[in-house]
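Look at the two complexes coming up: chain A is in both, with chain B in one and chain C in the other.
Let's look at the complex of A and B:
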């Protein structure tokens, strides 16, 4: 029983790391109907920039603040050069644009900051803690707290500020939002900037775990099954989807793995996602059909 | 009965000049001209497909007219973008409500104040004093509109769950809260029973009289229109066939023929 609990809890906590990545996708998808393939490279870029600044001798907080300023500027530039000229094009056009954007962002990151692996030490000791006889990773616990806090902050921004109201209005009915004077371009800039910040948090957590390196941008692929399961339009869905994926892959590795030679973790979430596509194509909390992807 | 061109510009709020619009070769509006004076209620009537909704869509920038121009508050436009229209004080409601269905009534109305928001996202997120003062002021405006349209009991209800007639009033409130100069209403009484219609037309008259908002509306219920509007423009197949006071329009043989169909 304690092995089951340990596997489950470990999986759930690790799953919040996936949620962190997925939330960035949900924000942009909700506000503009764009599946932003560049989210992974933005995540990598921001983590790499923070580490590079930090290694150059700046304090951690200042590095983070500077990185955020760059993310805001980046959001404005992307809105002007990519989103605005392509407004009202098909979702596939926009998806292809973000695919191109991901290469531009990654190339810029590599050109400016090189391709070495950087260690990122957040001062979290990755020693396990015992709750009764259940073993829990301290790092996972902190990652889960971070994801929870982030979701809470976003919920407050969306529900308690007037720009949050505008954001929800755009997500609900873009045409009506325009007709009452909501500035769509401004909303896109804000959403991309906020998604960039979310990417930064995710990048820092992932970077601390496996080093800040170019393979970080591949966490996008981990977010896909999370989005399919949780739904593309719900932050709550991204959290729950992450938990499901984390728990499922951990349980599968422990209980099915031994019979088929292990190595289940990388592909099991996709099998699960396909199963969800059969039963609930919009995901657990999603509203729109997936044709907008 | 068009207004003479010598009319002083300041009296005219809206002047539609020779506007035409076609969809893939099919004429929706042909060389249409009419003007709306500041402070009046002007009704657009005519059979289905007469081009009424298309005209409203041109006025707030959803459609681009093929030719002609719009003069609003003394400024000339060939095309006015929806955002620009809202900023200049042109508000509208839609034929099939375009509310934010998953949001509460008060949030829908607050969304209508977006163009009056000066504080930044950051200031709002951090709840800086300036942002909080603005918030309080705008909430007060929203509460005023809630009271004016008798929507207080529904303040925190999610709009999608409200009855249709109440939703129409919420949409009106959202359009009104931004203090527009010109309010465009696309069939504000559609789908309502007699009691709701009387109530709604009372609200429209009150908006016009007490808030000084100029109203252009589309409505099929001719009985109500004749009482509510001081100025009626009749369209048929995208052409104007009548323009004047209710009495003038009612007496016009062209209008009787086309609208009531007596000669067909």
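Let's look at the complex of A and C:
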């Protein structure tokens, strides 16, 4: 029983790390209906920039602040050069643009800051804490707290601020939002900047666990099943989806893996996501798309 | 005046034809195409590896004037470690360039070695993949054009087990021990399984295999499983990001780092630095030891690094494990070409001649000293039947800041493993209707 509990709790906590990545996708999808393929590259770029500045001798907080400024500037540049010229194009066109953008961001990151692996020490030891016989990772507990706090801050931003309400208006009906004077371009800039900062938080947490290196951009592969399960338009959905994916893949690896050769964690969440697509195509918390025909 | 000018021009043309630099006197340069990965997921390893390779080739060209005067024309092709792109590169370069022949092709990755093994046999181009490749291609009678040089995967498993035996006080002390292999769930990761199984039967230890699927950035279920086993030792056969994650997760589950032995491709600075303090005490097989205190480094420092000709962007990586991998791969190729030239003449060699060069490659202690690789490279001797030639590694341990060599060369139990290699090679020969070469006649 303790093995089951430990696996379940460990999986749930690991799942919050996936949620951190998925939230970045949700923000942009909510505002523009675009699946941002470049989110992984932005995550890599932001973590690499932070660690490069920190290694150059700047204090951690100052490095983080400078990285955020660069992310805000980057959001403005992306909106001007990529999104604005493609306004009113199909979602597929915008998706392909973000695909191209991901190569540019990755290339810029490696070109400017090199390809070497960097350690990122947040001062959080990845040591076990025991609750009876059940082992829980201290690092995962802090990651879960970070994800929860981030979700809370974003919920406040969207529900309690003028910017958030404007953003929801754009997401609900872009034309109607434009007609009442909401500046769509400014909203896109804000959303991309916030998604970049979410990427930074995710990049820092993942970077502390596995080192800051190119493969950080691949952690987004875990975000896709999370989004399908939780829904593409809900931050709460991203959290719940992450918990489900984390718990399911850990339990499956422990209890099903030994019977089918093991190593099933990469594909099991996708099987789960396909099952959800049959039952709830919009995900648990996603908005069901209704179109007049 | 016009006649004088014409005569001078003619003299110039004749002089340039007959008095060309010695390096070009006997014909074209030796073409050396390199499929590389300086961008993408594996660039952190690649950029140092190619720096080592290129620096040594540059040293040969610029300091030694080429191999017996034959310059090396090195050309890189970016593949991002993708086997299909490596195959594309191979197809583009296999016929040489501007009359410069190809004597061998570095695959720079086991998947590419697998993908090219049949094509290369048809084209008669030797595939060189030190410490990688298809293990059964050690048997050159079935695989004349594949060279898993230096340290094949079975030898990696065997040296790992032999080192554990050393630590336990002898091979007889392995009986009843639990040795877990945590492996990257890929062709590379699975390549040692047959060898470990054989050694487990011979020495009586319990063999537990735990796969980690790519990319391996979350490994709690695997290490929970390892903890349940209560292993005496863990053999870590991961790659890329899965190594630092494994070391950190192992620490969380109470597996001591000094009881984890990493294999060749889990033993570089990039594998331990991200793991921070959790990696202190971690050990790894080192057919390519880290460090810049070998004789060849002194030579390169003087002639390449300090003169600003190095391919390294940051000199602090001079002597890093991946830089040294590049040096060793390059020197193996240079020495094989030298061997081939001694037989065929001082000129650029083609694939068939390159194969002969590799199959007759011998680097003994005296030669190692002469070329400055003593302690960095093991003595090596290849033949028609043995395309590996070495089969040894030292063990290095991470002290929290650098790799420290803790043993001399440990030899694999090649006699025990050879029948397994021959059986797999024979199965391949049967499947592909290959009649093995007569080794005695060829030697």
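Keep in mind that, in the parts below, the second predicted complex is superposed on the first by the 287 of 293 C-alpha atoms of A that agree within 3 Å, B and C clash if a C-alpha of one lies under 4 Å from a C-alpha of the other, contacts with A are read in each partner's own complex, and residues count from 1 in each chain.
The rule is short, and it goes like this: a residue touches a chain if its C-beta (ideal position, glycine included) is under 8 Å from a C-beta of that chain, and two chains touch if they have at least 3 such contacts.
These figures come from a predicted structure and were not determined experimentally.
In the superposed model, A:183 lies in contact with chain B only, and not with chain C.
When both complexes are overlaid on chain A, the residue A:168 reaches chain B alone and has no touch with chain C. The wider contact with chain A, measured as residues touched, comes from C rather than the other of chain B and chain C. When the shared chain is aligned, chain C comes close enough to touch A:211, but chain B does not. By the touch criterion defined above, A:114 reaches chain C but does not reach chain B. In the superposition on chain A, contact of A:99 is made with neither chain B nor chain C.
Chain contact summary for the complex, chain A toward chain B: residues 157, 161-166, 168-169, 172-173, 175-184, 190. Chain B meets chain A in the complex at residues 60, 62, 82-83, 85-87, 91-92, 94, 98-103, 107-108, 110-115, 117, 121, 124-125, 135, 138, 174-175, 178. Those residues of chain A lying in contact with chain C across their complex are 3, 6-7, 10-11, 14, 17, 106-107, 110, 114-121, 126-128, 135, 137, 139, 206, 209-215, 218-219, 222, 249-250, 253-254, 257-258, 261-267. Chain C contributes residues 38-44, 46-47, 185, 210-215, 217-218, 220-222, 224-225, 228, 240-241, 244-245, 248-249, 251-254, 269-270, 273-276, 278, 313-314, 317 to its touches with chain A in the complex.
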